[in-house]
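Take a look at this one; I'll ask things after.
Labels run A, B, C and D following the written order; every chain starts at residue 1.
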Amino acid sequence: VAIVLGDNRYGKAETHLLRVTRRDGVHEIRDLTVTTSLSGDFDAVHLRGDNSAVLPTDSQKNAVHALAAEAHVGEIEQFALRLARHLVAASPATRRARVQVDEQPWERIAADGRPHPHAFARTGRERRQAMAVVDGAPGREWAAAGLTGLELLKTTGSEFRGFLRDRLTTLKETDDRVMATAATARWRFSTLDVDWAQSFAAARRALVETFATLHSRSLQQTLYEMGRAVLEARREIAEVRLSLPNRHHLAVDLTPLGLASAGEVFHVADRPYGLIEGTVLREGAPEGPPLDW
Amino acid sequence: VAIVLGDNRYGKAETHLLRVTRRDGVHEIRDLTVTTSLSGDFDAVHLRGDNSAVLPTDSQKNAVHALAAEAHVGEIEQFALRLARHLVAASPATRRARVQVDEQPWERIAADGRPHPHAFARTGRERRQAMAVVDGAPGREWAAAGLTGLELLKTTGSEFRGFLRDRLTTLKETDDRVMATAATARWRFSTLDVDWAQSFAAARRALVETFATLHSRSLQQTLYEMGRAVLEARREIAEVRLSLPNRHHLAVDLTPLGLASAGEVFHVADRPYGLIEGTVLREGAPEGPPLDW
Amino acid sequence: VAIVLGDNRYGKAETHLLRVTRRDGVHEIRDLTVTTSLSGDFDAVHLRGDNSAVLPTDSQKNAVHALAAEAHVGEIEQFALRLARHLVAASPATRRARVQVDEQPWERIAADGRPHPHAFARTGRERRQAMAVVDGAPGREWAAAGLTGLELLKTTGSEFRGFLRDRLTTLKETDDRVMATAATARWRFSTLDVDWAQSFAAARRALVETFATLHSRSLQQTLYEMGRAVLEARREIAEVRLSLPNRHHLAVDLTPLGLASAGEVFHVADRPYGLIEGTVLREGAPEGPPLDW
Amino acid sequence: VAIVLGDNRYGKAETHLLRVTRRDGVHEIRDLTVTTSLSGDFDAVHLRGDNSAVLPTDSQKNAVHALAAEAHVGEIEQFALRLARHLVAASPATRRARVQVDEQPWERIAADGRPHPHAFARTGRERRQAMAVVDGAPGREWAAAGLTGLELLKTTGSEFRGFLRDRLTTLKETDDRVMATAATARWRFSTLDVDWAQSFAAARRALVETFATLHSRSLQQTLYEMGRAVLEARREIAEVRLSLPNRHHLAVDLTPLGLASAGEVFHVADRPYGLIEGTVLREGAPEGPPLDW
């Protein structure tokens, strides 16, 4: 039986750059980490070591730098799209390019009560993300946006009851628990005609506010409602994927220490953790790209 | 337009346990990290917060502990299969269970020239991995094995020439470079009637020896040949997936320091890095599981 | 020649807890990671395995939980002091207790334009820190405060010129560079009669504003001025220690790509990095604690 | 009251290099991470931004590369000493240089049953370490060696009983527990006339064998005996410092699962963990260097 090459892709991962824009003594910065990935007709290099179709990953890194320099960077969704188009054009064997851009946020330092023109402090642990997939064929371009590391916690308004019990179930039901997560969310657009900044802000707000305000019977319900809120907030979004680790906060039993256990001190556990993953989408949404997004 | 629930799954991630077996004063240990994941008919919990079909992730953790205690753990592929079958049986709404088991290796300490009966030192940075997917329907069980963190390096026998040049290409061709990677590999079995330990050892050896002995024209070629060697070594393996970061080792130019640059000192770069991913499979191989493996 | 026991200490590291305070339906949270360490007359346990003087690290963890539950937690400097006093009292062999408390910041989620009463989002990558050392003898108590992970960056207002050149120096002088760091700072108090919250806020502000506004000729100068600003801002602080990694941002040379190199795109390097460490103190400041702070 | 500069130092952290030596087609590799640090008369740069005495950290990195290229690298203790001497000589203001070298171990791949001449696999999670401190004055040179990340575990031969109980103590005594650690050890030499490789091997063996063979009443006792064994094995070592995290392995109570709890399944806890630190030294040992080692 013959042995054959299946799916494959290659690229440059985690090109980390700072883009500075100076205008009348006021500087703007963008802190970006970019990963590119190409797939297409690359049999020759795999089977025979023939590199003639291979655009080096070093050139892909150069492309990241050049596109960051050439034009206004814009929102990261646009930058990802531009870069993906460039890579498809630069490499004839490439059928599809996938680009992921992570943006690390900074804010202007306030000094003497005024925003400083060129000094910044890093804010937040969360990264904004954008992805673009560009296929050679016309009209086959996709964009997604998202975020990772969004840490959320609520101290009440969360229960977990009425679950299935098998012979190994020892968990007690609770009608009031701490619920905490570090969300990763990604949403896919059904169009590329989007006000990216406004869309991101609204989607993020929908996620955060739903987590806060929904009385949660389970993390699955919270996941679904978070996804639904994004879709209801923004028509241009076709589908939302969420990954919600359940960061267990276990009430410490203080009675052996001679104290009342009033649910005030919680052990924050590292591992194991629950992991809830799901997709919420618009019925009949246009299909997504052929590469993982 | 209606909003609907798409793909979803949930489980307990990274239950980390040590299993000790004692026999006549000689102890064996297994250091395992287990992640479970269930998917199936879970609309009620997502849409209405109705938990009646939900086997808690805490019970899944208990199942890991119970199965580790009950029986001889055996090879991790078997343990993953047993656990996946248990979870499907324990939870009627579950159509498919996916279990991943990572094994962290330890070796017996030699003291006074003899293997010590109950003292161990951790070896290696690499983790052996197994995955099982069990679908409720008869005959629908799959297993995969693999490893992650396999760091390999060769100081010659690697070139990169004749590649595509676009207007942004600045990379020089080289007929002799350091090539280094930290491989993640995963291979899927076409049968469950396997001598797992022997199979793993042979597959791992095929990966390592191919990396060492192949004169490499590109990391893609090395990837393909590593996968092919696994398939040629073991008939029970249908498909191999490899992810090979290219850990760039850049020759330091010593001439500005007044020294000959003889290719003896290399800067080990962290980021960015090349990332080469690909699949090698047997033509006509039976299809894999419906969940990512 | 005899072999003897030298300096030693033991304790419980990284007890991670969440403290919830509920008042009229509005919840406050504190997310703390606490490390305790005891030293004193512990020869018996080291030399003979006699544990009779050893307060278990498990009991130290219980003490963290109990003190977090019993009283208003207060500022972390106070909590560290209370805990250190408790540990000295609970363990006769202990001559000195050292406690470190890290606080991870959260802020209230705004939902429907209002601060939510019980839902929070994690902010910032920076951790506020406090340390207390309590010696059994009267008057021998010390406190320190600080922060770690304070990421700062300025896009101009930083030069590095006129440095020493040896035969291996290849660095070019620059009168305009990006300067970035992730500061760790710790300051020691000469008194315990302090408004801790106000003191911390003022010290942090002095660090950040000095980084922003000082025209820097070197990171050492910036370090000194940051320390000096803290001491000038707060009389109760005797000494400041700073550790400033120099996160190199290297201007990408775009001319090989056919573009003008206008200092707009920078490669953010991971390793190696410069590391500048120093102490700034008030002349004649009272001595610090006998344990590392 | 005047504000003054206290202790300070600066250098280049984590220069990561691979040194390749080729002889008759057989290659040797050394994978080193080097951190340098200078202290001395650096008031001018801190107080006035006058860099004229400052050897750039970039030049220190160049020195690492040049010394790695120039000579046989030798054992890392020697390399650290040579580099520290070079830095003191290259920088008049430097009174003391401190160099730390970490070595990441690789072993030759066996292919076709023979050691391969130029292909290697990374082994172990442990790093060998060396430190040198060189003071300008004659005879003031010190070396230390050590290791970090040495993971050890024993499944019996460890108890913890007869400890102090205060009102918050809930821990049960045990006469048989799993004991596990990830040791960091550092030992200081009383002479520089040492067979470094042999000394390291013997010291490491003393640590590992003592951990294995000592019946432990507490981790403190194990720490002391590990240090003592090093000193007894090697006359050239004056002092040993050990840091031993207690990686708690908690027996899972299986009785609620309907199983006998035979001490066979253990939960491996991440945090909190015990942390035991101590020094063992030869009475009257010559003093160590004025910088932290």
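One rule holds for everything that comes next: a contact is a pair of C-beta atoms (placed from the backbone, for glycine too) under 8 Å apart; a residue touches a chain by one contact, two chains touch by 3 or more.
Worth saying up front: this structure is predicted, and the values here are computed from it rather than measured.
With B-C and C-D as the two chain pairs, more C-beta contacts join C-D.
Among the remaining chains, B is positioned farthest from subunit C, on the basis of C-alpha centroids. Between subunit A and subunit D the centroid-to-centroid distance comes to 38 Å (mean Cα coordinates, whole Å). Averaged Cα coordinates give subunit B a centre that lies 30 Å from the centre of subunit D. Once the centre of each chain is set as its mean CA position, subunit B and subunit C turn out to be 38 Å apart.
Mean C-alpha position of subunit C lies 24 Å from that of subunit D. Shared interface positions of subunit C, i.e. residues touching 2 or more other chains, are given as 16, 62, 66, 168, 170, 257, 270-271.
In terms of which chains touch, the assembly is arranged so that all chains touch all other chains. On the side of subunit D, the complex with subunit C involves touching residues 1-16, 35, 37, 42, 45-59, 61-63, 66, 90-91, 93, 160-166, 168-171, 216-221, 223-224, 228, 231-232, 239, 245-246, 271-284.
Across the complex, subunit D meets subunit B through its residues 16-22, 27, 29, 31, 62, 65-66, 68-70, 106, 109, 111-112, 116, 118-125, 150-157, 178, 208-209, 211-213, 249, 252, 254, 257, 259, 262-268, 270.
Subunit C contributes residues 167-168, 170, 256-258, 270-271 to its touches with subunit B in the complex.
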